[in-house]
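First chain A sits with chain B, and in the next complex the same chain sits with chain C.
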Partner chain A sequence: MSVGLLFDSTRCIGCGACSAACKEANDLPLPIEDHTTAYTWTVVEDVGGAKIRRLCFHCAEPTCVSVCPVAALQKTAAGPVVYDPQRCIGCRYCIMACPFGVPKYQWDQPVPIVGKCILCAGRVAQGLPTACAAVCPTGATLFGEHGSLLREARKRIAATPDRYVDHVYGANEAGGTSVLMLAAVPFAELGMKTDVPRQPLPLLTWNVLSKIPSFVGVWGVLLLGIHWITKRREEVSAYEAPQREKER
Partner chain B sequence: MRVAYFPSRGVCTMESRTLLCCLLFAFVFAATWGATPLAAEEGAPEVRLPADVTYRSAENSPGPVVFSHTVHVPLAGDRCVACHPALFPILRPTEKITHAEMSAGKKCGACHDGVAASGVEDDCAHCHGSGEKP
Partner chain C sequence: MNFAVASRQAARRIGFWPAVCGLILLLFAGVAVLRFTRGLGAVTNLSDRFPWGLWVGFDVLCGVGLAAGAFTLTGIVHIFNLRRFEPIVRPTVLTGLLGYLLVIAGLAFDLGQPWRIWHALFFWNPHSVMFEVAWCVMLYTAVLALEFSPVVFEGLRLERPQRIMHTITTPLVILGVILSTLHQSSLGSLYLIVPAKLHPLWYTPLLPYLFFISAIGAGIGMTILESHLSERAFGRHLEMDLLEPLARGMVVALGVYGLLRLIVIAKNGALAALLSPGYEGSMFLLEFTVGVALPVGLLLFERVRTHPTGLVVGSLLAVLGFVINRLNVSVTGMESAAGVHYIPSWMEITVSLGLVAIGFTLFALAVRYLPVFPEPGRRRS
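Our next item is the complex of A and B:
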């Protein structure tokens, strides 16, 4: 079973309780900035009266995990894409790779690393909801099993189609994400990326990388074999040269 | 003046017509109002604030303090971040608040400084056992 969040923009009042709880649960330094940073993992933005949360989407097949050269980022079976600051070397490859622009860099540090929402992996492992969902006073952020959240999102659109745009953001984006969103206005107007590919991005490189071991193996054996045969023929020919001279 | 509403029958007078209209209006109004409660706020999210917090009294306290989110949240412009988590943790309850730290501008004292809101040394009964809650 994997968990996730459902954020319903139409129920959000922008009180900021999610940001406050996130800071507290993850021991992040204050203040709460007006955009996500390496120290502020979630914020609520007001876009023309509509409220939209910024946080990691926790892709089913995360590009950040795929590109991280030291495996500092990992997708857990429970759903969260977790992050090990001890392993991070600060290369920023994940920042380049993320289709949603989520990971942020500690630009103020002499030896910076990356920071992003980890879906309260510690709390989730204890059976608790994420901090943001636990404190939300309107139920705009719901925590639950991913499948049931997706059904709930589709049910809400079907029940009140005039209240929502017919789009569950995160259902298909980048191959599906653990965080789902509903809104009354098109997501592009809320500053969300709508050109995200529908298939998992790690597939792009996996299609090539997965063939490399067999490629190296087959060509390695083949070329070594040709080299051995050629070399052997030269040695034999050199060895037999005096005999051929004698016979002449 | 008596005017027949249905002249052929001659049973409806002005008074009965007025009464009929009033009843009809009342019925339609009640039906509409009852069918769509909070029609004016349709679509507005329901906000469930935490229950009132009663703080344990210290010795020599004039009375227990009851904190109400319902009173304070609108005053903070519906911004939870006005107090959380800088002044009070949001996930854990605040166990202890002392007058010393409030006077130093922490906890309640951040707003209750005698300028933005009543000062914490001004009126004991304002917070302590004000009678709103036991």
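Our next item is the complex of A and C:
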């Protein structure tokens, strides 16, 4: 079973209790900034009256996990994409590659680490909901099993189609994510990336990387072969040179 | 005697370029202190929206690419057995070795926690292109050091290590070519993961192939430039009989590369946009004109190729175009999706220039104290 969140923009009142609870649950320093940073993992933004939460989507096949050279980022079986600051070398490939622009860096620190929502992995492991879902006064952020959240999202759209755009954000983006979102206006208008590929992105690089072992074998044998042939040619011509001299 | 006269006399004694190098290195040291005490934000214009800048685009992508002459030349001499190119192998391998050492120095600035660089050895992620690049760069730097070691042994008159190195040259060169093929192309693969972020003028599944082929062209270009600079600095003559055929190889590499680029752009449907180019289109046209059209157009003519000035100008254009290309992939092509305009801070530029200055200084020192160039009498005719 893997867990996730369902954020229903139409039920959000923008109180910001989720941001505050996140700070407390994850020991993050105040203040609560107006956009996500390495120190503020989730915020509620107001876009022309509509509310939208910013947080990590916890992809089923996360780009950040695939690009990290030291495996500091991991997708847990329970759903959260977690980060090990002890491993991170600070290459920032995760920040560069994330299709949702989620991971952030501590640019102001001489010993910096990455910061992003970890879906309260510690609380989830104890069977608790994420801090943001636990405090949400309107139920705009729901915590639950991913499959049932997805069914709930589709049910809401079907039951009140005039209330929502017909799009469960996260159902297909980047191959599917643990965090799902519903909204009354198109997600592009809420500042969400809508050009995210429908396929898991790690495939794009794995298609190349997985061919390396066979390539090394073929390329190595080919180079050795070329060396063998050209070397033999040199020896033959060196051997024949005095004979040609004689014949002349 | 006033200060102006004194400094002018001092400058004359030291020489113009060493003085410039010294000044850059002084600033470089200052920026280094700031970088490691105040963090990346204090010295760079990087941000969460634009996490990779000049130090990745120039220090790493260009540093590795421009050092590609080493695997190209060692491959030509030891795998294809074209022994006549041997006299330029040593300075080219030295350029390569210094290039890779400076890439690692550049990473020491760019990585958030460079003292953990060894983590890639112990915490594996075979799904990461960066992991593969890290291993290849590390192993290939070791290979380059071994390939250069006979020069040091010869300088120290150590016979036995020289003989040992001689016997393992061929496997070492083959290993070097394999490692280079892998990571030169993988620097392009790094960008395969951002199909929605990198502009269609540069994004293509062929990125690894394009990076590999263009590195061969630029690597040869650097070899020619380095011969030219050595000629001026150390009073050596330009080995036109060797460099002219190399230039032909460069033209072929650039030609194949240029054609592939155009085919890819046509397939991406971005060709028409070049007729009324915007920011990205103009930068592409600059890159393509300087790095492909002009050098290929010029060096196709035998009269240009066989003339030292023509040869050097053609190679300089190819190298410049290569640098613009790598900066276009890493900066220009990523700006629109990031929604910000990135211009490196003067401190980022200082670090990059400082690394180049260190490279020139180390090259000059190596030439002075080690038998990098063949003795005039020993040169094969």
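We adopt the following convention: the second predicted complex is superposed on the first by the 216 of 248 C-alpha atoms of A that agree within 3 Å, B and C clash if a C-alpha of one lies under 4 Å from a C-alpha of the other, contacts with A are read in each partner's own complex, and residues count from 1 in each chain.
In this text, contacts are C-beta pairs under 8 Å (C-beta built on N, C-alpha and C of every residue); 3 or more make two chains touch, one makes a residue touch a chain.
For clarity, every value in this text was computed on a predicted model and none was experimentally measured.
A.B. asks: May I ask you to decide whether A:L204 touches chain B, chain C, both, or neither, giving the answer as first, second, both or neither?
C.D. replies: A:L204: touches chain C, not chain B.
A.B. asks: Does chain A have more residues touched by chain B or by chain C?
C.D. replies: C
A.B. asks: After lining up the shared chain so the two structures overlap, which partner does A:A188 touch, if you call chain B first and chain C second: first, second, both or neither?
C.D. replies: A:A188 contacts neither chain B nor chain C.
A.B. asks: Which partner chains sit in contact with A:I32 here, chain B, chain C, both or neither? Use first/second/both/neither.
C.D. replies: first
A.B. asks: After lining up the shared chain so the two structures overlap, which partner does A:A140 touch, if you call chain B first and chain C second: first, second, both or neither?
C.D. replies: A:A140: touches chain B, not chain C.
A.B. asks: On the A-aligned overlay, A:A131 touches which partner chain: chain B = first, chain C = second, or both, or neither?
C.D. replies: In the superposed model, A:A131 contacts chain B only, not chain C.
A.B. asks: Looking at the overlay, what does A:R87 touch: chain B (first), chain C (second), both, or neither?
C.D. replies: Only chain C is touched by A:R87; chain B is not.
A.B. asks: I'd like to know which partner A:A17 touches here: chain B for first, chain C for second, both or neither.
C.D. replies: Only chain B; A:A17 stays clear of chain C.
A.B. asks: So which positions on chain A get touched by both chain B and chain C?
C.D. replies: In chain A, nothing is touched by chain B and also by chain C.
A.B. asks: In the complex of these two chains, what residues of chain A are touching chain B?
C.D. replies: Residues in contact with chain B: 10-17, 19-21, 23-25, 30-32, 131, 134-135, 137-140, 163.
A.B. asks: Would you pull the chain C residues touching chain A in the complex into a rising list?
C.D. replies: 36-42, 46-49, 51-52, 75, 78-81, 83, 110-114, 116-117, 119-120, 123-134, 170, 174, 177-178, 181-182, 186, 189-190, 192-197, 205, 208
A.B. asks: Which part of chain A faces chain C closely enough to touch in the complex?
C.D. replies: Residues 37-38, 63, 65-72, 87-93, 95-97, 99, 101, 104-113, 193, 195-197, 201-202, 204-206, 208-209, 212, 215-216, 219-220, 223-224, 226-227, 230-231, 233-234.
A.B. asks: With touch defined as at the start, can you tell me which chain B residues reach chain A in the complex?
C.D. replies: So the residues of chain B touching chain A come out as 43, 45-50, 73, 78-81, 84-86, 89-92.
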